[in-house]
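Look at the two complexes coming up: subunit A is in both, with subunit B in one and subunit C in the other.
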Partner chain A sequence: MAIRVFLVLVLFLSSAIVSFSLYEDQAGLADWHQRYIGKVKHAVFHTQKTGRKRVIVSTEENVVASLDLRHGEIFWRHVLGTKDAIDGVGIALGKYVITLSSEGSTLRAWNLPDGQMVWETALHSAHHSKSLLSVPINLKVDKDYPITVFGGGYLHAVSALDGEVLWEKDFTAEGFEVQRVLQPLGSTVIYVLGFVNLSEAVVYQIDSKIGEVVAQKSMVFPGGFSGEISSVSSDKVVVLDSKKSILVTIGFIDGDISFQKTPVSDLVENSGNAEILSPLLSNMLAVKVNKRTIFVKVGGEGKLEVVDSLSDETAMSDSLPVADDQEAFASVHHEGSKIHLMVKLVNELDNVLLRETIQMDQHRGRVHKVFMNNYVRTDRSNGFRALIVMEDHSLLLLQQGAIVWSREEGLASVTDVTTAELPVEKDGVSVAKVEHTLFEWLKGHVLKLKGSLLLASPEDVVAIQELRVKSSGKNKLTRDHNGFRKLILALTRAGKLFALHTGDGRIVWSMLLKSQACERPNGISLYQWQVPHHHAMDKNPSVLVVGRCGSDSSAPGVLSFVDVYTGKEITSSDIGHSVVQVLPLPFTDSTEQRLHLIADTVGHVHLYPKTSEALSIFQREFQNIYWYTVGADDGIIRGHVMKSSCSGETADEYCFTTRELWTVVFPSESEKIISTLTRKPNEVVHTQAKVNTDQDLLYKYVSRNLLFVATVSPKGAGEIGSVTPEESSLVVYLIDTITGRILHRLSHQGCQGPVHAVFSENWVVYHYFNLRAHKYEVTVVEIYDQSRAENKNVWKLILGKHNLTAPITSYSRPEVFTKSQSYFFAQSVKTIAVTSTAKGITSKQLLIGTIGDQILALDKRFVDPRRTLNPSQAEKEEGIIPLTDSLPIIPQSYVTHSHRVEGLKGIVTAPSKLESTTHVFAYGVDLFYTRLAPSKTYDSLTDDFSYALLLITIVALVAAIYITWALSEKKELSEKWR
Partner chain B sequence: MAQIIRSSPVLAFIGLQICFIFFASTLTCTSGSEDSYTITGRVKIPPSNVIGHTAKFSNVKVILNGGDKITFLRPDGYFTFHKVPAGTHLIEVSAMGYFFSPVRVDVSARHRGKVQATLTETRRSLTEMVLEPLKEEQYYEIREPFNVMNIVKSPMGLMVGFMVVVVFLMPKLMENIDPEEMKQAQEEMRRQGVPSLTSLLPSAGASR
Partner chain C sequence: MDKGKAVMGTGRRWAVEFSDQSTVPSSRDILDPPGFSRASQEQDDSANSRQKKDAEANWKLQKAWEVAQSPFKTLMMMGFMMWMAGNTVHLFSIGITFSALWQPISALQSVGKIFEPFKDNKVELLMPKLVFLALNLGGLALGVWKLNTLGLLPTHASDWVSSLPPPQEVEHSGGGFVFH
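Up next, the complex of A and B:
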């Protein structure tokens, strides 16, 4: 019966090629788009008297952006390539933003008002080195002071007007490392200070006009330098020696080098290792020692003197000239839930220019960076504003004791996403009435009708949009009947968990991951921990957040259990072992907590939750738990089973050892694993059978234990263009993860990665590069179960001789066959996902994240191996599309319509309660959410459905009936009189 | 004559434009040291008639080898990739509102970095590296302008239309019938007892 229903449905749905399409006025109704920039690395203020006040920032997501200083909005923004990390940013000539990127080898100028790139210069670079950018502070447009750039072992002088390299100087000598490039204000001499083998200080004096070395002096320092350096003035730097216990002041007035040693212990008693902090303060130095930040004043002859000391967790800005040749700097420190912002003069630390106390959200963590800017108030006194970057990557502007604006930049680095339900609407909680009166309701619908008839004026259109947003009630914080309102839980790299509302993308709650063991755990992944539905209805659902102390995979893990409704952390634990893999098991305990296994680096697995009930469930299924690991480096895939409890002193009863069950070894000289993929564990498959046009049945091989592996020849693992077609081949495998059996192997000669794949039901679709055609290709592989093929016989079904109810064991050798087909695709791809619906009935769409950061919805029917050049009539009725050599790119089926999800990293889909609809969430630097109906909303009326027209029709019909009745009666009467 | 004189500056301007397109348009210039070369090209976007997107160069990205390198356009539409090794590469242009064919670029090691470019979608080889969109992309369905026929065609419109026909045209049709015949037909009807519309309505039936 289900098959028949499905068939009818398929026939019904296939009557037309449905593509996702949207009218322009529907944009923003079900979707939202948020723009971010990432954690700010550098900030340069541009606060001229004329024009808009803005701040230019560069971030860890390789974004250069211009932000409005008043509201924090983005004026313009450019996302550079992933390998194009920004090393420095500055403003030249008062009209160009200069960025140095790619380890000092690319210099670009952007037009300050609109972000148009003006020029781009590739700088010569020989080897990896520090990259330093110095843009002369010069507001005169006519005079061109060159920009000095050091990068890749070369010092360059570049004209700010057109990016022409005026001269370059080679500093690539063996062992020589340039540390600082300094140019005293107004001087024509550039000092280049470097160390030879960290033991000899060398200063070059270079004529800034022609780039010739005027003088060179060097001096050996017996203790050796540690490389930490701070320049305190234009002719002095302070360095730590190799033992980090002596501060060495290097003076190089007129090229003469002088050393002045000051042991740190002379400055602070009982000092340990010192560390020079990065802020540049004039004639002063900030040193972190004994968990205190001390300010050391550098005297005229290099004499050091401690002038102030602050607590360890103080963030400071660079110093900034304020009126009368004085310099000021800002420092921010925490005290409970408040932060204190202080602006002091460098020369007189007791003179506090500004002291502000601001209430700060605990979940933003510590202050990481401070950028200060001053402005002249109307009463001619100095005012200060500070841009601060918090531990959760958020960016805030503080001015006059308040947070003027804040940006949640943590959301630019999302690492994992899951969805969660909102609370059920409780009885007694009155729901805000959406429509107030019948009149307003009617008015709204008349407006809608006008809109759909294109009679609406622009004001009406605005009113309609507002009305639609309001009337849909899409922003309520309760569960709705269709499952359209949900929470998107996004874990960021900074270890902060955000809950976003699907209605408008606002942050419902956020929580910063904490740990006793380390200062700042990174967020890794998210799992559904407790989804109560049967006997634990009164419990709130919760998620498991897995974090790690440090970036290394052997670093100890952190677990945190978070209540989804409230955003409060229920418990958190430092688990004491590393986290390599987290395996959610298909078992739950009596409170609906899901059992999870966490594998560590030493080959043990740990069971969570640590309760005796979970342990007894686990012991019952002990023999049936399998897992696999992929060793991408050595090209081995290993299957594991449980062995026994851990032995040893530290082990508890929830720790188990494993043993290797099978291995698949790929020859390292010819194959290298570049991609592995399994099905989503929570995917719903509606039917296993597929009916052919000739009333034949095909059984999908629907197994949760299938692993897709793609390998390329080692030469082809690099970028396109680095290999010839003869040298590279791509091989894909389908491997059973219980037995390690290879079910299918397909080889593509002359192809290479990167491979982007999606695995759903019984099919895999993957995208790779064909070197012979020099085009991208997409291949679909569908896998079918042969062993059930005989079940087609009706007599067998009637006599019960079928094996449909026979138990399936994963050990038996499955008889499978595959079908595959390849197509060209005209774009590079960043990621592929597939829509998922509640029951799996609705046809599927592939969501292809393209290189242009757009998401294309492509019907699965375009990647169907049964497509032929001339489909028969029956096949056409079934909806098989005639075969074409390339997949179509229909602009209307971009689900992101006119938006770009800059820096796209992943696409997540989640079913709504309505079978036709699926939630789509894409993340990268930007966030984008929309709702999709891959086969149109066949189970509900669309938003544009015009109730007014229906009402008018009914009224008209009723009126017509009465008029006719009256007429008819009149006529009859007159007839009777006749 | 006056007309011609007046239009000559325009002609000159057009001529200048053509000159610009033909002579100033780019040369696939390459220079390089050792094994790395430079690919220079130009993106040309025709002035758009479609409302909603103007050709903005600041939002165009040029992508080499699927994201290995990304560069942006200068105000005149030129772009450059530096330090590209010899080999066969792929250049893609990402511009909102336009579809560009990927370009296969062969950088020859033998001929000092000579560049050959071919559009992979149309297999057309380019003599110079000027990339133009294959087509404009419209991301939204265009709403059909207000049309009476659309309303009439909708199921509700058809219902209303049918009612109108019954109410207003049927009596007209009845009138056109010869009164004698009409009377005959009516008498016949009465004899057979075919219920009239009035008797169908309960209130009418009660009033009889």
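Up next, the complex of A and C:
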């Protein structure tokens, strides 16, 4: 009965709230938002004028941004689409930022101070080719030099003022690949250098005013080119031949081509293959040979000469004109935990203009890129600042021997996220320290009281807001009673693991993945390795980071075990086999280390941790462990079962062979797998029963071994609208991954992907495009167990004579039935997630990442197959919403409120200790965190609850009782004397 | 008088008999005044008291019946209140239902005390008591029925299954797309 009352209360409470929303003054209390840009590809400084010094950067996350050079803050930022990769960036006319993107087919100009787009020009593009942007360095502001853009086989000249295409020239001839577009300073001739079939060099001279070809010369090079090219001056380039052993200098002064061959072995003895490095240095090039970087000076006649040699791990900037026709460049190399920044003159490498040594955090890795900028000091000498990009994608500004600012841009490319607990508060650290003195405590509460009685002045409101943030103690590094303080562990593409505090999003620790076998492993995924709960309480929790040496799937894997409290790597191991899948098993050993199986490309699985105890646990469950693979290319889902130990092939007793058990083959001519999904393995389900209004009972089919698969017809796998409704259909399946049995199949005619789905408990919600209705649709499928439906006798249930809690097997072939319903949805979706709570009692909300990079919270009640057009009174009381053709988008239910999580990629939810509350973390280019209570915080008082008011009321009541008691005593006495 | 005798039984020194012995002729010392006939008055007296006692017993019985039937009125009243309260769970309906449950229970607990004033050798109280009990049980049943209509009684299978967690699974499976 208590449960019913509780459930009724929960229902009552949840039905009272139609949508989640928060007040204006609550924004930023529990949530935080961090803005990033990603790994910087290009940087252009803008420091000429007095005023704000800034640097314009474009990044691998397709962001163009203007950063403050003093503090590293973002002045403005634009995140272009995922297919709109930036090829080049420049500043034109001293006031426009020019970006070339989408393989040279889109040219945009942004206003430099505020980032408003000034113009956009779509350029003619014929085929895929190199895209080159050259913005003339403009000394006179009023004169409009055209921007020359090469992309998609065409050379364009575009006016910087309004983006008008002045002329375009076709270079789409068969086999002709343009390599460089060069324009000597002040000249009206543009040289276009290209190769025909990598064997013939062709140079076109083009009049930059009208776009006509003035002259064309070509010359065949017998050895053929490799394609690596470096332009050393406006009339010379250096190319590697096809064997990568000869450097060829191509000169084209006045259109006459000349080759000058220099074997690399002449420059360096015992040379292997050479590689031309990217920095542009005037009359010099950097070549990587024998793991060393050599600087080769290019003489007037194309004669090459080695002038310096540096260790391999050196990063260099492009050269930059400093005073009096001199050019300088910066180089950075490592030495232990320090980095050395040197600025040298190109012509005189012995003349070091600047030599600085800076202490560098080991967990930033090597320097990847250097961008240099000079400024004139007050004593008229040259000062230099360098913007460096590290291996972990972080961006730092070095100036005067110190790191002026740094940005953790690795967090713009998060690949996997998990959460971890903070350490328990130690004895001796009293809460009183946080609450300071009693007087202040009282003062704070009086302020709050004023606030709640609407008596507070604007200053008081500010003070209250500050107090709220401070007094909540939300930034402490210890566990709290409600489980609101946690660590978010984020693994980035660069292989760095970050621990972020949920209170304010600061980085508690970070760690770069290391390996003995390879220089820098890629991070793949993240697993909870050890979470001491009942046993091994003296141990710190740890996570498993799975990485790989190289991008190929057969590359050997790397495992790293990281202590969550300290951020130190406990151990790391090169496992010697490839990693294609990691299967966390639902078993833990006596120290609460979770057993994991790692599958390799050969079809073997490897057990971790490699202990005999884990082995015995695994042996016990040997027959019951299965794994499946989804072949997206061949359209086959294969189920495997453990066969035996692979002791016959290797001596490794923790290695097991597998055997194929079943296959589900989708016909390749009509169906192509586009999406698969399973339930989250750590999801908690409170009950197996679903109660309908008339006390009718349905048993949910809650199984972890269910796979949701969505397929579309191969024609419809492309862009939305690229096919007619008749040509495309979408089919979804629910497949049991133990037996390969298809439990449910649902076909949507005239529908198309992409499919975004979420799977929780016994339901799947998925989002797709309906071509006939020209609208997005959302469908919910709930799956119920028919074979348990007979368990309806109350007496049997009271006496416990039922098999509802007995372990079940997929081989019993449970009878299932499904209920489904579809709705229109007005928005395009990037990702969908669902809230998760500690016990799974609280009602759920779907978290929909919209195309606008916001997160919309939608009650699960809106996607309930039991919705009807006219629900009965009892159904209404239960909270069933009348059926509408489309799902509502309530503006107040955006959990991101005013923020946008640019480039949204994923949403992760994790339960807190309070049943009502869940953590939500969204990542993309930006990071966003908030706490949600889908049914409001029914199990705790709100933050703004006025304890002072309660206290005052109690005191007043006690006083009143005492006074009236005294009065009545007195009166009684006088009555008796009368 | 009976009580007095019981006290007298042990160590009595002296006693004053206040009771009027005049009605017992044998102990009479003084003769009746002339013209006074004791017999008729005695007869009249005894008839009178008997009559009185009968009337009292009747009255008691009547009252007992009245008391026994009193829950009927509250029953009707409760029924009306319940009908007014409706079938949804809220403060009013819960309050009504719990008072409807509490009243019969407290009445049943004090059934002896309620019929105490009507206790008499001559009054047959069993029937009123039974009626009283039956009516109160009826009231209780009404309360329970109301409780049930409010859905607060665990009489459905759902009430017993809701707390059951989903069953464990024998097999475990994992996998998916291969890492790229």
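What we mean here is this: the second predicted complex is superposed on the first by the 903 of 978 C-alpha atoms of A that agree within 3 Å, B and C clash if a C-alpha of one lies under 4 Å from a C-alpha of the other, contacts with A are read in each partner's own complex, and residues count from 1 in each chain.
What we mean here is this: contacts are C-beta pairs under 8 Å (C-beta built on N, C-alpha and C of every residue); 3 or more make two chains touch, one makes a residue touch a chain.
Just so it is clear, the structure is predicted and the values come from calculations on it, not from any experiment.
Of the two partner chains, neither subunit B nor subunit C is touched by A:Asp256. Looking at the shared chain after the overlay, A:Thr676 reaches subunit C, while subunit B stays out of its contact range. Legend: residue contacts after superposition of the two complexes on their common chain; A:Asp504 is shown touching neither subunit B nor subunit C.
In the superposed model, A:Gly115 lies in contact with subunit B only, and not with subunit C. Contacts of A:Thr82 after superposition on the shared chain: subunit B is touched, whereas subunit C is not. In the superposed model, A:Ile851 lies in contact with subunit B only, and not with subunit C.
Those residues of subunit B that touch subunit A in the shared complex are 38, 52-53, 57-58, 61, 63, 65-75, 80, 82-85, 87-90, 92, 94-97, 99, 101-102, 104, 118, 120-121, 137-141, 143, 145-146, 151, 154, 156, 159-160, 163-164, 166-167, 171, 186, 196-198, 201, 204, 207. By the touch criterion stated above, subunit A contacts subunit C in their complex at residues 1, 3-5, 7-8, 12, 524-525, 548, 553, 579-581, 583-586, 597, 599, 621, 624-630, 632, 639, 676, 678, 681, 685-689, 691, 695-697, 699-700, 702-705, 737-738, 791-794, 797-798, 804-810, 877.
Interface residues of subunit A facing subunit B in the complex, by the touch rule stated above, are 21-25, 27, 76, 78, 80-84, 105-106, 108, 114-120, 122, 453-455, 719-724, 754, 769, 771, 773-776, 826-828, 830, 850-853, 889, 891-892, 894, 897-898, 900, 949-950, 953, 956-957, 960, 963-965, 967-969, 972, 975.
Only residues 88-89, 151-180 of subunit C touch subunit A when the two sit together in their complex.
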